[in-house]
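Presented sequentially are two complexes of chain A, the first with chain B as partner and the second with chain C.
Entry: the complex of A and B
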């Protein structure tokens, strides 16, 4: 477990106040699960909530951006959803024009690089996955790869941002199954994927939502078509079936223990200090055992 | 000496009073504009005072008479005093006026004695402080005027008005009169207990809801205009304000209305939130609005505080925020969110102050600008935005409760007599029983009806009371657009909240309908002899008036007629009719859920228990839910529709019964 104790020294706090933390929040258009009406995506809204708390507590600069199809903007679904984010207390939000079916990756890469002007601490927050489209949750991984920044998934809390030896670090809490948390120290700039266990997003108010500015931006980058999106068949999402837990207990005590006990992981193994090939081999073996790969 | 000093004193007091009036008017005018007909208002004022205001005051007969004697005596005596001492008059006229002065000051003195008597052991609802000295000032004024008139008429013994005694008496009388005038005339415009008279008169003249004072008798009886619908916000204009953030964001006549408060505490005595120990007292709220105008602290407030909140910790700011998250500003947010919008305070207020309007205005700012709807408020609003119902059910599930009833849909029929508005109770298993009963009754009466089905949306009541005017207006416009597609004569609903919104609040958006609460409609069906019913066999029954049916819409009689027609002898609660106590379910109060010492529905069920009734008849899904949620209740909760449905004689039997009934035959004499 990569648990590093968070060390905060006083000088870092002082420098934090001089160099404002810069946060970009990537927001997408969400859909209500029953009515499919456009709205803020829950995970992205939690990411924005986290950013706004950092703004309120330590004066962080928060910029939100969305990559999506431009064109007819007023009254569109996208505008309705973006206004939900503005209603949380943002003055403006950047909408990067992207033709339908194009890959957001290159555009976001350029947008985030262009924003990297100051040497101050920098964070990019986003929800772990989108509520529509591919929703694979891969974008932050690919983005962190192309930017060369760290990516931490399943973040629920940013505890601290501090500098040490000329570098900026953030201490975050990462959600693990069953309510467990682990504290991680990450060197900035970094991407944080926000988990559903993060704080609930604040109410989106009508007034700020109506007043907030949506600034449209055209980028120079040549747009690359999203091939996987074009090739994948899209269908409404269904809740993933759960594997039934079969309890063969004959008495109440055992049944209770089975219901209350932690799921024991059986048959797994922890690989440490192995070569990438050995690791890949182990993953493939597991996938074959589970019937995912044939 | 009297005759030279008195006119000077009067002139000085008058001049100072005018200066005070100008300052106070300037203070009110710092609010937002609100156009009112000035002349017509002033002309209508005496009638509004003598008829409408007195109608409320007269609910307390003893005090009404006291007030008539005191106020009437004062107005007449003061006017005569000014005429006699400031206008040169021929001797004979002056004598007549002096005699009248004697008469009115005596009347006023009697009134003032009665006021003093009431103040000896004042009920908790009355404010103390400066109000305790008012009877003394009233007596000082009336007694000194009486003696001055006596002296002028030469009716005082010679020994008293000559020599040293004369000087002493003159001095005493002038001081007493001066004190009286300071309280009664200066106090009117410079602030003090008598401010209510000056502000109150103008408040009646420039009331924001002039239609409350309709001169038509039918309106006064509450059948047509009760003017209970909330005023719409202008959302088209992006610069228009969204609710009230600072005391100066109220309209000028709302500010004037706050100043009219006489701190009689009738609102406090009926407020369910106050009784439950939630941090709200309508009287204190209005006094806080007054403090907000001048920016003072509430330390000098001498009435009951908000339960659980000490006096002296809050400070107003004329152009600063009313509510600050950290507290310490004029109000705390939980005070605003404790209100159930039951309108009991407005109904009781002799000065016609609109507490609920002010509360909703402030809630609007908190929801629309600050996004700080407490409790489950934001979740409910999000649900209304996403699913058109407050609990986030799938809109397509709205008709699941009636899967076996094969209800006719408007979509299929297009035109019917009665549109049955289901309300969000359609998702609630308890209310579904009421709805099924109502459908049974409508079918038994052969009513041509249909429902909107999945096309129906929440009426917007909860959103609006939670301050989310934007969601309310979206829902209202969507519902109006749906209703426009179909033809029907009447909308019938078993939800008084939908009833109120449909009939009183959709008008501002172009939706004008004939709406009937199901109790009214069943009453009409019974009057038309379209239902045959068995008579009631159960035990003792009482009826709980829903606020949104009674106080909001003046319907107290129809539900009682229906119950009586069933053969039920109603065992009325002490607080029923226009004084009915709220169930605690209105105004989004169960959603914001501000903690108190007791629960409002528990108190209401206690009211029921005091009648000894075994069953409480209700006419509102909210009331049903709130009252049924009471633990260890002594009475069952049944909707009127259920009682009627249970009493229906089945169709075959009814056919026989009808045939057996003697026909009415015209007999020639």
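Entry: the complex of A and C
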């Protein structure tokens, strides 16, 4: 890292008292993959977990918000799922009314713009994909475009929030394939998409879930129907066909071999009667060729 | 005179008689002489005395591994008479792909492969296959598949994957979605591809493709897994997209931006394409565009990879596994080697059952199915239950004292020797090379200071 950690920490601590970090968490209703019961969505719960940790560590202000169908609230599936989030230690949660099949983009845009109270740093956390509906993971990209904020997907940890030259920056860890991590420095305000590799969400406790308030909100923005869903309705997924092994051999012998023979030895190199050093040398060369040695 | 000499066929009845008697000691020589083949090679076919083609059935085929004669009637072995004498036949793999060149394409289908670690992935190849389907519409129009790659060099195999044209943007491999997006947008302005196709991977095409679609004001097809011809659709194609949860399908017309899952189409196998770099593109404009992107200041800065504790990585995700079996006596040495190499530890069932390794480190049928780039099996015999677990590994290295065990047959590189000694030597080697590297870094601290000063002045 090019930043000196000491200076970064001091500035962030000093400013934390004056300008608290403001975090919005976008939560949705999930569904258990087997039982199909409504529950908190796993990725969104991880996002909330990350926000709550930032609240505990550096006094960030956390607001959660859900856009969804209002109507009959008490006892509905949506309410049960939202109370799961409250049970994680949240005092209140905003529920923005939207008729079924409407586009959440405009509503979220308005809500987040209105939420800008101070000049303090601003973060929006969300899961990378919804568990219900289209689940294409497109919403954060659209939101980042309409708000003009940066979007970083696959975030697993927020390491630091600090100001430099009058701008706020955050350093985050991004999950790469194969368990690797990458450190990014992002200018705030920003949206962070939380990856499944982020910390496990804490359990939802019954008492706080009961006590937490769900605040209903109506927005002025005219609701637009989600044209994608309206034009092209979802259907239950059909199992995808298994790919057949294509053999393009021109003669019967090769085709037979491809169909019947089990994988033969690939004719690897065998080093026999070599000293351990020579053997180690050969292994090291292969490791370097493959680039797995750091 | 000379011509009549050539026409006249001279017979040697004795030679013919020997050639018919395959038990005769000079049988092979006689056959060779009759076939007028020089040296000792056997003739399979020759012109008979009456001008008819004669064939020697005994010269056909080859000697199989157990000394028996084998005849292969597929035609693959014809002419390989050398192997009749136990010599290895010529098995040079011939290339029978058809070359396709598209000089004047009517439109472009742009494919942005992930090219993980400099190679095309299987997912990329499927995507190129899909792009070829869209480009090669029978009848009216002929499109060209345009590969868009980022980095210093163009990855190999684009021609076999099915790319007619290539554009390479010299953007480093770090995370720079905004720069890449600017490059794609400049290409959009220059060539206006009919479709953009990207693989639906979290940080690769999935990220870039959604950004591109948002910029273009398109609703992309995410999680696309099937494309069909459709007269009613505006583009002539319809597609089916899988929802994020995998429970829903969404059939819809194929939009301009398609972000496709793996196995969305068959990869190209029969043809080879030009994969020529696009010329006449206004690269200056593209570079100027990129510059503009930088002036605005990208809001995301890549600070580089973070060292991850390899033992914290789940076994099925790990890239480099050092696996221990019953052939390990020196467990301290094994753990030390894993630490030095930075490898994730794995184990065979015996090592786990004996209590040397935790259960969550077991590789195999009843353990974890791993997909490492490099799997080093130390003292593992290669029981089928274990080999099943490493099917998806790229390179397998065996360190074993038994040259005949199954793991050696599976491995790409085997070192026959004592596990403890080889691991010890390996750890020492790596430590030595690391030591050199660090001493080299220490040699230039003044440069670092100089750099810092320059920055401070600026």
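Everything below uses one rule, namely that the second predicted complex is superposed on the first by the 224 of 294 C-alpha atoms of A that agree within 3 Å, B and C clash if a C-alpha of one lies under 4 Å from a C-alpha of the other, contacts with A are read in each partner's own complex, and residues count from 1 in each chain.
Rule of thumb we're sticking to: a residue touches a chain if its C-beta (ideal position, glycine included) is under 8 Å from a C-beta of that chain, and two chains touch if they have at least 3 such contacts.
What you see is a predicted model; the values in this text were computed from it and never measured.
In the superposition on chain A, the chain among chain B and chain C reaching more residues of chain A is C. In the superposition on chain A, A:202 makes contact with chain B only, while chain C stays out of contact range. Of the two partner chains placed by superposition, only chain C is touched by A:186; chain B is not.
Shared-chain residue A:34: touches chain B; no touch with chain C. After overlaying the two complexes on the shared chain, residue contacts for A:130 are found with chain C alone; chain B is out of touch. Look at A:225: by the touch rule set out above, it reaches neither chain B nor chain C. In the complex of the two chains, the chain A residues touching chain C come out as 1-2, 31, 33, 128-138, 141-142, 145, 150, 152-154, 171, 173-187, 190, 195, 227-228, 231-238, 240, 243, 246, 248, 250-254, 265-266, 268-277, 279-284, 286-287, 290-294.
Every residue of chain C that touches chain A in the complex is listed here, in rising order: 72, 74-76, 96, 116-117, 175, 201-203, 206-207, 210-211, 213-215, 219-220, 222-223, 225, 241-252, 263, 266, 269-270, 297, 299-308, 312-314, 317-320, 341-343, 373-374, 376, 394-397, 399, 403, 408-418, 421-422, 424-426, 428-430, 433. Those residues of chain A whose C-beta lies close enough to touch chain B in the complex are 32, 34-35, 37, 39, 87-89, 202-208, 210-211.
Those residues of chain B that touch chain A in the complex are listed here as 238, 242, 367-373, 377-378, 381-382, 385-388, 392-395, 468-470.
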